[in-house]
Amino acid sequence: MQLTNRKKVVVKKEMSLAEKLYLPAITNGMVITMKHFFKKGATVRYPEVKREISETYRGQHVLKRDEQGAERCTACGLCAVACPAEAITMEAAERKKGEETLYREEKYAAVYEINMLRCIFCGLCEEACPKEAIFLTDRIVPTDLKRDEFVYGKDKLVEDINHRIDLSGRQTKEVLEFKKDKTKAHNQTWADKQKLLKENKHH
Amino acid sequence: MKDVIIGIPIQWYIYLSVALFCIGVLGVLFRRNAIIIFMCVELMLNAVNLLMVAFSRYFGDTSGQVFVFFVMVVAAAEVAVGLAILMMIFRNTKSTDIDTLNRLKW
Amino acid sequence: MLLSQYLFFFLSFVAVLSALMVILDKNPVHSVLFLIVTFFAIAGHYLLLNAQFLAVTHIIVYAGAIMVLFLYVIMMLNLNKEIEPHKKNIPKVAAVISAGVLMMCLVALLKGAEVQMLPAARNSNIGLVDSLGKVLFKEYMLPFEVSSVLFLAAMVGAVFLSKKEIH
Amino acid sequence: MTSTSSTYDEKQYSTLNLGPTHPATHGIFQNILTMDGEMIVDSVSTIGYIHRAFEKLAEHRPYNQITPITDRLNYCSSPINNMGWHMTVEKLIGAEIPKRAQYMRVIIMELSRIADHIVCDTVIAVDTGAMTGFLHLFQYREWIYEIFEEICGARLTTNIGRIGGMERDFSPKAWEKLDHFLKNFPTGLREFQKLVDRNRIFMDRTINVGGITVDMALDYGFTGPNLRAAGVDYDVRVANPYSSYEDFEFDIPVGTNGDTYDRYMVRMEEMWQSLRIIEQAVKNIPDGAYHADLPEFYLPEKQDVYNKMEALIYHFKIVMGETAVPKGEVYHSVEGGNGELGFYLVSDGGRQPFRLHFRRPCFIYYQAYPEMIRGGMLSDAILTMSSMNVIAGELDA
Amino acid sequence: MLTFIIYKSILVLIVFLISLGVAAYATYGERKVAAFMQDRIGPDRAGPFGIFQPLADGLKMFMKEEIIPTVSNKFLFILGPSLAMLTALMAGVVVPWGGKLAIGDHFYPLQITDINIGILYVFGVVSFGVYGIMIGGWASNNKYSLLGALRASSQMISYEIAMGLAIVALVMKTGTLSLGEMVAQQGTGGWWNIVYQPLGFLIFLICAFAETNRAPFDLPECETELVGGYHTEYSSMKLGFYLFAEYINIFISSAVISTLYFGGFNLPFQSHIPLDGNWLVIAQTAFFFGKVIFFIFFFMWVRWTIPRFRYDQLMNLGWKILIPLAIFNILATGVLMYALGKV
């Protein structure tokens, strides 16, 4: 049947005499495998050596803190809505006085859980977050023996204040440029705001 | 009594062959599975073979052993054809019971 | 007792016992295996009689080919204990009696027989390949060729028989 | 016990369960074979072992959340599924996609077609017993996955792109990796072909095995490589071009009688044609935006979300799935790794599809499987299955 | 007499241990060879370069749970792997591993026994080897196992014929069935038999692949069709026995190939080498093992290169190509010998 003029028959089923004799093709194949025998292997010796993982890799999540160490998440719930696997649960709470250095906004996630068995690492939560709070990283979720252990709470998700995770590679140039602008409300930490308030009073 | 080899008289081999042969006969009469009967026939042939080798050794004559070869050839040919026939019978009757075969039809 | 006697009795015991098991065991696969043991015992006897070549040929032909065929057919037809038909006791008794009578007759017949030893005997090398080959290809040339024709006929017959019916 | 006019009764035959877990069923599906020795007399196929109700699942999700579901259809070439879904929605809302984004999509789709065909062709070789070529070519598949990782962040379940274009431009590293792949892959592929193609053992195993005639293939609704192997040059990329495929020069490889060797060779040649397409696309890719200007469907830039009220509103609306989609029904199909992958979408204007149907080529191939293996041997059945590339994810959607 | 028995027992023990050791390291070698050919690394965790991997594997095999299917025939289920192992180990008896070691006034040949029908003995043992697979496959009461067993038996019987015919041509040339004598013939003056019997060697090699159930003839266990073939239902050390038996078979067939066609333990240009006495014997034995290891490697090399046959194609190759070729080889050998006046 001819539908187009791009047709090209690619199969040749008749065997030449040399092909019928088995041995030339087998020898040929054995030469190829022998070439590979002396080639360097492609294996990465995993636990000791780690493959270079791209910066955009969608691995284990992290809940970011800001420069002052306050949690960025404001429990808006967009990530939970965006999640196609329904893996994210959260409970919001109101920030009390004195907790300003712990939580960046007036509302924060008292409970934030991701069920890593449900999560499909599609990255939609990161796309949904309007607060730069949740990111996927190039880390890999470790295995475990119990199902309970896969429900990651804030203890595992929020980044360690002493071991910050650099995510600048995931963000576009425009975002990085924008973040330098301290006049924008988005970029101001609580301390910045206090400073601004003071300056305004002086004026 | 003269020995075939040191310490073993020819009579011993005769008795052994007779015993094996009779077990073969008993099997043919006793069992009804055609394949087992076939195997018993092989056993009888082997009893005869054994006797022939013993006599060949006893008389120092190679012909006895050559004859054993021919028996083996016949046995092998018989097994090939016989088992093929049995297979065909089994395909048609679903059984290898000789009592179902005596009607010569199905 | 001499070593050869020990060997003889041991091999004979194994041969007769396993031959009995061939006909007594209900499972056809077991029967085949016992028959193989019998053949090995007989091969041992051949070795004892210094017929080495024959012993090895015996194993190759019987244990290596014929019994494999039996086993193959039994496996392919999937014959188990259940397929073994039941039999009434009277034919069994009759079978035992007649076989026993046959054995008694043969033993009685052969017991008194005096076997004459030929003068040229006791050449212990008759079982070796050289002497066998010479006899086989010189004196028994025609039977040898005829047997090969027999083989061919059997092969053709077997192939023809086991071909499926053509519709 | 249906088709053979045998005089023997059925006790002769034995039943063999090929699957659900068998090394040769690459996925979970079952064949109950009725065998006469090693010959297959009849077979009954069972599906549904990994049925996950994707169509119903999709009817309860906003449009952008359906993309991860399509990942899991034919997981050997998930980007094609993603793109097909995006294009379907774009067709519904009538979006115009910039040329650059279209070319980027073509590059990604052809890469994933190569990845898909690598899997299928090497697995045919593995099922004949030649394991080594499989691992040689799989290194190149790794490279393709690394390119995907660079572009979207994941390797297998890519969730690549968005409705309206790509989520980001190719990074310099992605271009670098793509060049590396294009430079080295032909050598590897040629070597694999030298190892397998003309080996008589392989040819004997595959030629005239599991063949299907043109009429039968068309009656069953075959598409893709399996139809082309039978000799019909039907290719969605040519018959019904999408995403600028009309800009590219490529041949449609066809076979002669639709047997396993034909299917193998057609896929082999398609890899070469895909390489041709990618090279043309890389050479001619225009500058410009990598996504369409669709504020209601395409997520706004992050810096705008952080700063601008309007962008934030759209962001919330899109994520919550509150954007209005026109009423209507569309069918869009792409040339998937395995054949015509179609999306039939009915919209009632709500946030979720009213009805969504995936036309999965594997589901169609698998119906013909019993007929194709009848009368062959067990080994043939296994090669036929692997050469049709029946993927369980696509079989049970 | 007593020293004779002690010496023979020690030799038997050594050959037994070497067979096991070579088989164990052949599994390691197989994995490494496969890995290198596939651009991988292979086992490298147990010890430096993973050289303790066979020990770890052996330990694992012993510790694993033993599963005997309830519907199987228990006795035969256990008998199967035992027979496979037994027959695999038996063939090493007649292989001449080296010359005669001189200790004191006595000469100790490095061959357990040089029976005058050595090659037939090997052949007999090989022909018996099929029972292990057949019985194990049948006793498992699994259809895949049964198919594997049936394939194995018909394959091994078919290829034995071609193998035997290939040997017949060789025996015509050497005029002896004793392996020791064949080696001696190839050592003194003559060329190695491969020069006289290239076609016979090729047929023998192909049949050796088929007899050991190696790719491209690994139909009885081919994992993509029959899951595991005859050893589908086996676990723990019984499975280990089957796998071990396969590698011992490879080892023995490599040794037999080297003995029959590649001069056995003879060194090339032996008369020009300034070695004598025990040193020569040791060099010969080492060289013999070198040849054996090369052939083991060759077995693996082929396995990781080519696809396997289908059942009917395998039978066609055996009956329609190899057997006629072998008969032609016999004929050609006879004609040549007659023409050269060797008869």
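Per-chain residue numbering starts at 1, and chain names A, B, C, D and E are given in the order in which the chains are listed.
Note that in this section contacts are C-beta pairs under 8 Å (C-beta built on N, C-alpha and C of every residue); 3 or more make two chains touch, one makes a residue touch a chain.
All values reported here derive from a predicted model rather than from experimental measurement.
Graph distance from subunit C to subunit E, where chains that touch are one step apart, equals 1. The interface with the greater number of C-beta contacts, when D-E is set against A-E, is D-E. The chain closest to the protein's centre is E, with centres computed as averages of CA atoms.
Once the centre of each chain is set as its mean CA position, subunit B and subunit E turn out to be 33 Å apart.
The mean-CA centres of subunit B and subunit D are about 65 angstrom from one another, to the nearest whole unit. Averaged C-alpha coordinates put the centre of subunit A at 54 Å from the centre of subunit E.
Across the assembly, subunit A contributes 26, 29, 32-33, 36, 42 as residues in contact with two or more other chains. Residue positions of subunit E touching 2 or more other chains: 37-40, 304-306. Looking at subunit C, one finds that residues 57, 65, 69, 76 touch two or more other chains.
If you check the complex, the residues on subunit A that touch subunit D are 1-4, 6-11, 13, 15, 19-22, 25-26, 28-29, 32-33, 36, 42, 53-54, 56-58, 78, 81-82, 84-85, 120-124, 127-128, 130, 132, 136, 171-172, 174-175, 177-178, 184, 186-187.
Contact residues on subunit C toward subunit B in their complex (touch as defined above): 1-2, 4-5, 8, 12, 15-16, 19-20, 22-23, 28, 31-32, 35, 38-39, 42, 45-46, 48-51, 54, 57-58, 61-62, 65-66, 69-70, 73-74, 76-77, 79, 83-85, 87, 91-92, 94-96, 98-100, 102-103, 106-107, 110-111, 115, 117-118, 120-123, 126-127, 131-132, 135-136, 139-140, 143, 147, 150-151, 153-155, 157-159, 161-162.
The touching residues of subunit E, when paired with subunit D in their complex, are 34, 37-40, 143-144, 147, 215-216, 218, 222-227, 304-313.
By the touch criterion given at the top, residues 61, 64-69, 71, 132, 136, 139, 142, 146, 149-154, 157, 159, 167-168, 171, 173, 191, 194-196, 198-201, 203, 207, 214, 231-235, 238-239, 250-256, 261-262, 265-266, 268-269, 299, 301-303, 305-307, 312, 315-316, 319-321 of subunit D touch subunit A in their complex. Residue ranges on subunit B touching subunit C, taken from their complex, read 2, 4-8, 10-16, 18-27, 29-33, 35-36, 38-40, 42-43, 46, 49-50, 53-54, 56-63, 65-66, 68-70, 72-81, 83-88, 90, 95-97, 99.
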